[in-house]
């Protein structure tokens, strides 16, 4: 199994990309597809609104389509999965979103997942997305930290709030598995698991694992070329 | 009540815009907001995939934001509502999508709505969207005509298939209200109602009516400026 | 567009009718249908139980059917929509309920609506109704004020509790739009919006706006005459 | 266990009441509550619309409240359960509706229930009700016979259509239990079971059985007196 | 109506069986089926995990199948209903589970049921089960006491926590009916009803009442013999 | 990454185990965990009822617990996932079920999954399970082949019926991804994909892929020891 799996961070923060890259290192194998993490230079420093999420779709699609001939698959590494279904329309190769895969993975680790989000407006965006996925019955709660993407780099404050929020999801909302609702939280998984005694899904890890499986197993959706009769 | 309500057709077909304009004429009033239908020159001739829908968001947002200072509100006239929540993030003024409003209106006209779509790939897109809206329990069925946007201009073939599909939704799926799942079907509402004996929701009409109500009643969502802490 | 839209308050409180009348004044237009608010003399002073709601149906239907020949449409102005589907069976003209329309309108203003109810037994009634509408996935919460319809006239106490309840729905239940769950709260919308920074749906406003749209657009459900084969 | 359980047929057809009475005879016991079937003289010959259902509520409530002092409980024997929650507001004694109990009973006999209705407009009424009950995920389908209440007395035609409809629910909709969606079908249960090899829930039987259980076990809801602070 | 209804407690605690036996005594009738409560000697002292629940299935099935020739029906008296559908596959006679019947009964006593569970891991088990039943929209909340089955015998502590938990379900979760989520709580129903003013469903009572109804009414599911083509 | 992943076929058919083993060969890697497929000698030749599924739990648990010290994880290779949550209670290591993983994987490959089952009684079992998973909104349909496990070995007949059933799920139920609802169908994936032009999820492949990801990423649920306070 060779080829290249591209993990594209649609914000322009190299710090976030580096944390993602470290997080998925456990999934790299000598004989597996090369896993390449990329930063979308045209993206904003962090994606905190639907407006920002929607505006990265065009450069993100261009970025990915340029890589398509050499790609075995793609992971879109922004919780919210901007452009996921558009890219699936443009290529038959595996395309996974980190929000989708985090939820699907959490559904095999517990009955009710709790989501730790960055800011209050993230919550309705997530709820819409979980509704589109048809999984709202599995949601225990979605609570914001009150921290933007850039602020997640302040490790002490971030970790403290994540632990507090994770415990609230566990104790008051009866979550039995947690999802970190932003690609920029990858560095905190281990500590959060220790402090909450719950499995914690880091979404890019979840998506890369599922992408590797789909590449190995050869699933293809039918590609749909623009303009072609579908 | 003055001001301007912009109804933006994100495909580049002036034929579709003209049909929309005729469809909403019943809602124009001497003392009401001016209702201005616009064609997005940068759009494709028809939007038939998620890829096309996502790719119009950027030019559509630019188009609308340029109009924002003189606008009382916006209607996004593509069934699928591309950029709806992004534009809502960028302005506190009413922003309505025709898919959303068609469904909400149909929910007051019948218990189970049937959707007449253009092509088979429209169906999973719609199902995702109705799931995000949390209204799947009201869906009787969503059946494609097998005709693309451009082909809708062939009135005889289109009307024939719409009637056949509408009756199938009524008789086999027990729909008691129909939704035309594309802005380009506006010319066919009256005939379809006569032939199916069901109320038929033309989605741009539904959205303009709701937009006029919201403009009159002064609802404002909190605008969220990019980069601002939300 | 001429004709008369009848807004019928099924309780006998003229104070409530007057507040409704003031609330919908923004929707009156020189060239639009006349909007006439009426008080059901046979109704109780306030409707606070299913028993009271069901018992007004018979006089409410008689009242409306007597007006039917001169009506362009009807709004039933009690949150709970007593007799809504019965009146729809008796006339093909638009018939809207304020609970139904408040929910449908809120669904275009936010992702999760919070309802401010009068008394604890209102809550299971509302939940049944939202379930019948198939919209429970959009409900953030429904919290009672602990005040009956007559007590709503005590402006200071009512407003104080409404603000407190609205903030609780926003902060603890993550509602991003509020619905006032009683026709008798119409006077408080503006203050509640200011104090919660959320859009607040006054249900009779929502229903009158939708009724005007439906009258203009000419939707007709098939009337079903009693005794006729349906 | 003594006392009287009143089973009230809200239509005025004595034929229907007699069939109900025969159907529940297996539940009469020497030491149990007396089970008394009554016909509502003020009702229409059959209830086939929401309009008819809503209009029987007032005389039905008066009828039941006059019996309340000597009653151990009530069964409302019209599929649609008119006035059910209103009567529950007026008495703490068990009040059961035949539609509710038929569904709850079917949920212990199979995974997906199919409903045999009388006429097409019954279907959206039932869907609203099953939605209010929160049980739509258990519904396999709801298909009308195309026969009104009075026509059910034509045994040959009715039975033929019931068998055909039951088999369609079993084979095309994968129902594994059937519900007869009208009190007037009580005479046909045995034949329908034989011809479909599925358990068939006759709704009045289901409701009387549940009422006897609730009377024996002494459950009381809190009664709510009109005008009283709830 | 003769025959024997077997109520099998799959844990080995005779104390629990005795409490169950006392609880269902109100349902015994001179002319009814004999109701025989049995203790599964092979079961653990209490069932507190899915592991324990699954491991009793084999001895429970053997126990019940040995009784089948003389049985009129069965009640499986462990909240969680281990082996329910397996036993239904093995006999056409009525087989009821106490969790299923508690929920179905509660759905006729209130709109939103609250469940009082023993330990935190009970909650995800219950949520899975309510999801399989399709009734999650009716669930107000499920809160653990933090007491194991054996500890329930400490009446003072148990009752105190049950009252506190029941009130929390009523006041914070807006439950209007309570379910005792363990067969071992049967002795506390009356006190819990008094202290919460809500109807309280003791699950074995609910199941025995429904079983008696089904035995009297003669419903039969099609038995499926192992190895036979189904 | 070393260790052993045990894939346990709970039926006693070595033919099925061999087909599973061939199906997952694409996932074997020199540096990965050894993947060992095992046949449960105590199982029946095929699992076609809840009765058979429940009865394999005890020997299946014993089989797995004996392997636990040397295991990195487990896959339960029967569509229906007998004993899944019980085994999860007994070990903190990854335990995946093939039905659960097939559904979760299909949810990233299409919007509505269609299931090809063996026999009619499989359908209600599956529906219960999808309900417990909270994913019924994603189900397009579940159709039985009318063939038992042993009959699946007749390749021509089986493949013919699978293609016909897959096309029906695609065309009449609008499924855009298919799931093979039995471990014994593994040999037919490629042909079914070619003939339906849809991605086809072979459930054991899906589960092994997810298990490998979870082993690599080190998720641990909290183990719960029997008798221990949970």
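Each chain carries a letter (A, B, C, D, E and F) given by its place in the written order, and its residues are counted from 1.
Please note the rule applied: a residue touches a chain if its C-beta (ideal position, glycine included) is under 8 Å from a C-beta of that chain, and two chains touch if they have at least 3 such contacts.
In this text the structure is predicted, and so the values were computed from the model without any measurement.
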Which chains, if any, touch chain C and chain F both? A, B, D, E
What is the chain whose Cα centre is as far as it gets from that of chain F? C
Rigid-body rotation angle, chain F and chain B, from Cα fit (steps of 5°): 120
Distance-wise, how many Å sit between the C-alpha centres of chain C and chain D, to the nearest whole number? 30
Distance between chain centroids, defined by C-alpha means - chain B, chain E (Å): 50
Cα centroid separation between chain A and chain E, in whole Å? 42
Give me the residue numbers in chain F that touch at least two other chains, ranges are fine. 110, 120, 128, 131, 133-134, 136-137
Taking touching chains as linked, do they make an open path (line), a single closed cycle (ring), a hub with spokes (star), an all-linked set (complete), or other? other
Complete list of chain pairs which touch one another: A-B, A-C, A-E, A-F, B-C, B-D, B-F, C-D, C-E, D-E, D-F, E-F
Give every residue of chain B touching chain D within the complex, in rising order. 110-112, 137, 174, 176
Report the residues of chain A in contact with chain B in the complex, numbered from low to high. 44, 48-55, 57-58, 61, 83, 85-90, 119-121, 125, 128-129, 131-134, 136, 148, 224, 226-227, 229-230
Chain C contact footprint on chain A (complex, rising order): 120, 123-124, 127-128, 131, 136, 142
Please give the residue numbers of chain F that touch chain A in the complex, ascending. 1, 26-27, 29-32, 96, 100-101, 104-105, 107-110, 133-138, 193, 197-199, 201, 205-206, 209-210, 212-214, 216-222
